[in-house]
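What follows is a set of structures to go through.
Across the two complexes that follow, subunit A remains constant while its partner is subunit B and subsequently subunit C.
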Partner chain A sequence: MAERAYAALPEGALKRVRLGGLEAIYHAPSGITHLLAEPVPDLLDGLDSFGPGEFVTPHRLVARMAERFDIRGDDPAEAPEAVLGERLAELAALGLVRMRVGA
Partner chain B sequence: MRHACFITVGPARFRIGSDWRPPIDQLRALYADYPMDEQVPDFTVRLQASSSLRRFVRPQVAIAGDFTLPDAVPLPLEQGLLAAEMAMNLQMALGWRRHLLLHASAVSRQGRAVVMTGLSGAGKSTLSALLAERGWRFLGDEFVLLDPDSGNIAPFPRPVSLKNQAIAAMEREVDDEARFGPVLRDTPKGTIRHLRPRTEWIEQMARETRPGLLLFPRFGFPRAVRRMDEAESFVRLTQASTNYVALGERGFDALTQFVRSVPACAIDYASGDEGVELVERLWSEQMARMGDRAAAA
Partner chain C sequence: MMNADDGKMDGTTPDESAGGTAPANAARRTLLIGAVATSAVVSIRPALAQTAGSVLNCQIPVPERGKGMFIDPTGKLVTPDTPGAFPPSPRDFTGEEVRQALQGRNLPGTTREQSQAYLNYIRKLQNGQSGFTCYASLQMPRR
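What follows is the complex of A and B.
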């Protein structure tokens, strides 16, 4: 299967506000508000750290996030990249990140 | 329209036209203390016969105007006042864009507002009406208008729509029959009677107020208080707003700022007196916290 890569949206596309333990995210292109829990805000921050338009694989994102977080899955048999990839695909379906398939 | 009147409530101006005279006369009486200048209105409402014959034979009032619902059922002429009130609510709910609209009631004291929201029938109207008779300034019982730029609340003090057992409760509380509208029986919401706010709250309706406390009241349950976090308040208020989606980013900014700036509680109470006592206690606690913070700064 072709590898998927993800990138942050252009600046200004998302407005994010912390509300207690959750984050309210306004998606400007659609006008839809999302209320998301950890680790989604950290994933968005991780992608942001590469800059908008810079597509990265889940593997690269895990490596970047591992600089700040101790990344361990609930199931030792499951690779963090795979779990992260699933979350990123969900975010891409919501329009909150960009996705590219293949090189 | 054969008959018409102009009514200003807070920042909104309405022109109400009618095929019949009685609903206009009732509106003029109920809104006696409100400005009725013939200015360019924000909204026009029309109470018209559902068919040409219906003007004379068992007359039925259909609601028309700038904004309408296609499946709204006409009301009998005796409920023409209710039709006018519903039509005015509809214009605000569907057409107002200057403020974020929350389906809520509000009162204020010392320049800070208590906003009370909840499902229809939760008791927020009656609680605000009781508080307004006991020293609180009445800001509105149907819509709270939150200014997206300043974060202030613009008063929208329409007459309170009292339903069923709330009517007798407020008749005991208010010693001025002239402030009540006619009793409207057998409406889709049971018996309804409107109560005009005290004159001073109408005279002050151009003066905005800072929000201070957000409450989610429920009448008819054993006394309970539960703190509500920002995220839950936010979700509930998006559901309580009629124009959150229409306002887009302005609505998001206004609502996130609002829930971050005011503490929120869900309160259950078994009687009106208990509800008033709970609001006043939570208010005093909040004022004390604000005083402590100001002193610390």
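What follows is the complex of A and C.
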């Protein structure tokens, strides 16, 4: 199965403002603002830490984020990679991250 | 619900200014990743002026480039030898053109049947395909 990889958008594409537990993210290319809840802002930070052009798998991203967070899902049977992979796919659909399939 | 309106996004500087920085954050945080949650709590439409610039001028290729596939009347991608299928559109359509076509006008430079086939293709666009975000933007309620 082709694995999906994700990368942060180029610098300046997103304007992010924290609002307590939420984050308002303005997506400059579309002019749309999204209000997003945890863990999404942290996911974006995690991707950012690789740099804008660097495509990483959910696996690598989870490994990077585990350096800073105790990652806890509400279903122990479900791998964090799978859960965060779904979130990343949603972010890609919104245009907030870039996605690449395969390799 | 999808358009809790805009207007509050003005002044403050982006990023960490609002107290989100964690320089002295020595303790590890627990990050809860609920399986049921979805990413977007709400998406806020741009103000009207921006709509004209961004959503309506965004581009939807029909179909995605480089596949060499034709489009059948139901909007499915098929091989070029399929009877009744239409060739790829030579140019991308803008969000505004698609919006008008959804209201009954033909896409520019197409016949009635071709336009319907292309629209059916556009309706099937999914996450990650070129043009999806543009098409999704057209779905957002207008005021």
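Quick note on the criterion: the second predicted complex is superposed on the first by the 103 of 103 C-alpha atoms of A that agree within 3 Å, B and C clash if a C-alpha of one lies under 4 Å from a C-alpha of the other, contacts with A are read in each partner's own complex, and residues count from 1 in each chain.
By definition in this document, a residue touches a chain if its C-beta (ideal position, glycine included) is under 8 Å from a C-beta of that chain, and two chains touch if they have at least 3 such contacts.
Bear in mind the structure is a predicted one, so any value in this text is a computation, not a measurement.
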Original post:
Just subunit B (first), just subunit C (second), both, or neither: which does A:Ala89 touch?
Top reply: second
Original post:
Of the two partner chains, subunit B (first) and subunit C (second), which one does A:Pro52 touch, if any: first, second, both, or neither?
Top reply: neither
**OP:** In the overlay, answer first, second, both or neither for which of subunit B and subunit C A:Gly21 touches.
**Re:** first
**OP:** Tell me which of subunit B and subunit C touches more residues of subunit A.
**Re:** C
Original post:
Of the partners subunit B and subunit C, which touch A:Pro80 in the superposed model: first, second, both, neither?
Top reply: second
**OP:** Mind working out whether A:Pro39 is in touch with subunit B, subunit C, both or neither, as first, second, both or neither?
**Re:** second
Subject >> Contacts of A:Met99 with subunit B and subunit C, given as first, second, both or neither >> reply: second
Original post:
Overlap of the subunit B and subunit C footprints on subunit A, residue-wise?
Top reply: 15, 17, 19, 22, 24, 26, 31, 33, 35
Subject >> Sites on subunit B touched by subunit A in the complex >> reply: 229-231, 234-235, 238, 245, 248-249, 252-253, 256, 259-260
**OP:** Provide the residue numbers of subunit A that touch subunit B in the complex, in ascending order.
**Re:** 15, 17, 19-22, 24, 26, 28, 31, 33, 35
**OP:** Can you check the complex and tell me which residues of subunit C touch subunit A?
**Re:** 4, 6, 9, 12, 14-16, 18-20, 28-47, 50-51, 53-55, 58, 127-128, 132-133, 136-137, 140
**OP:** Could you pull out which subunit A residues touch subunit C in their complex?
**Re:** 15-19, 22, 24, 26, 29-40, 42, 65, 68-75, 78, 80, 83-84, 87, 89-95, 99, 101
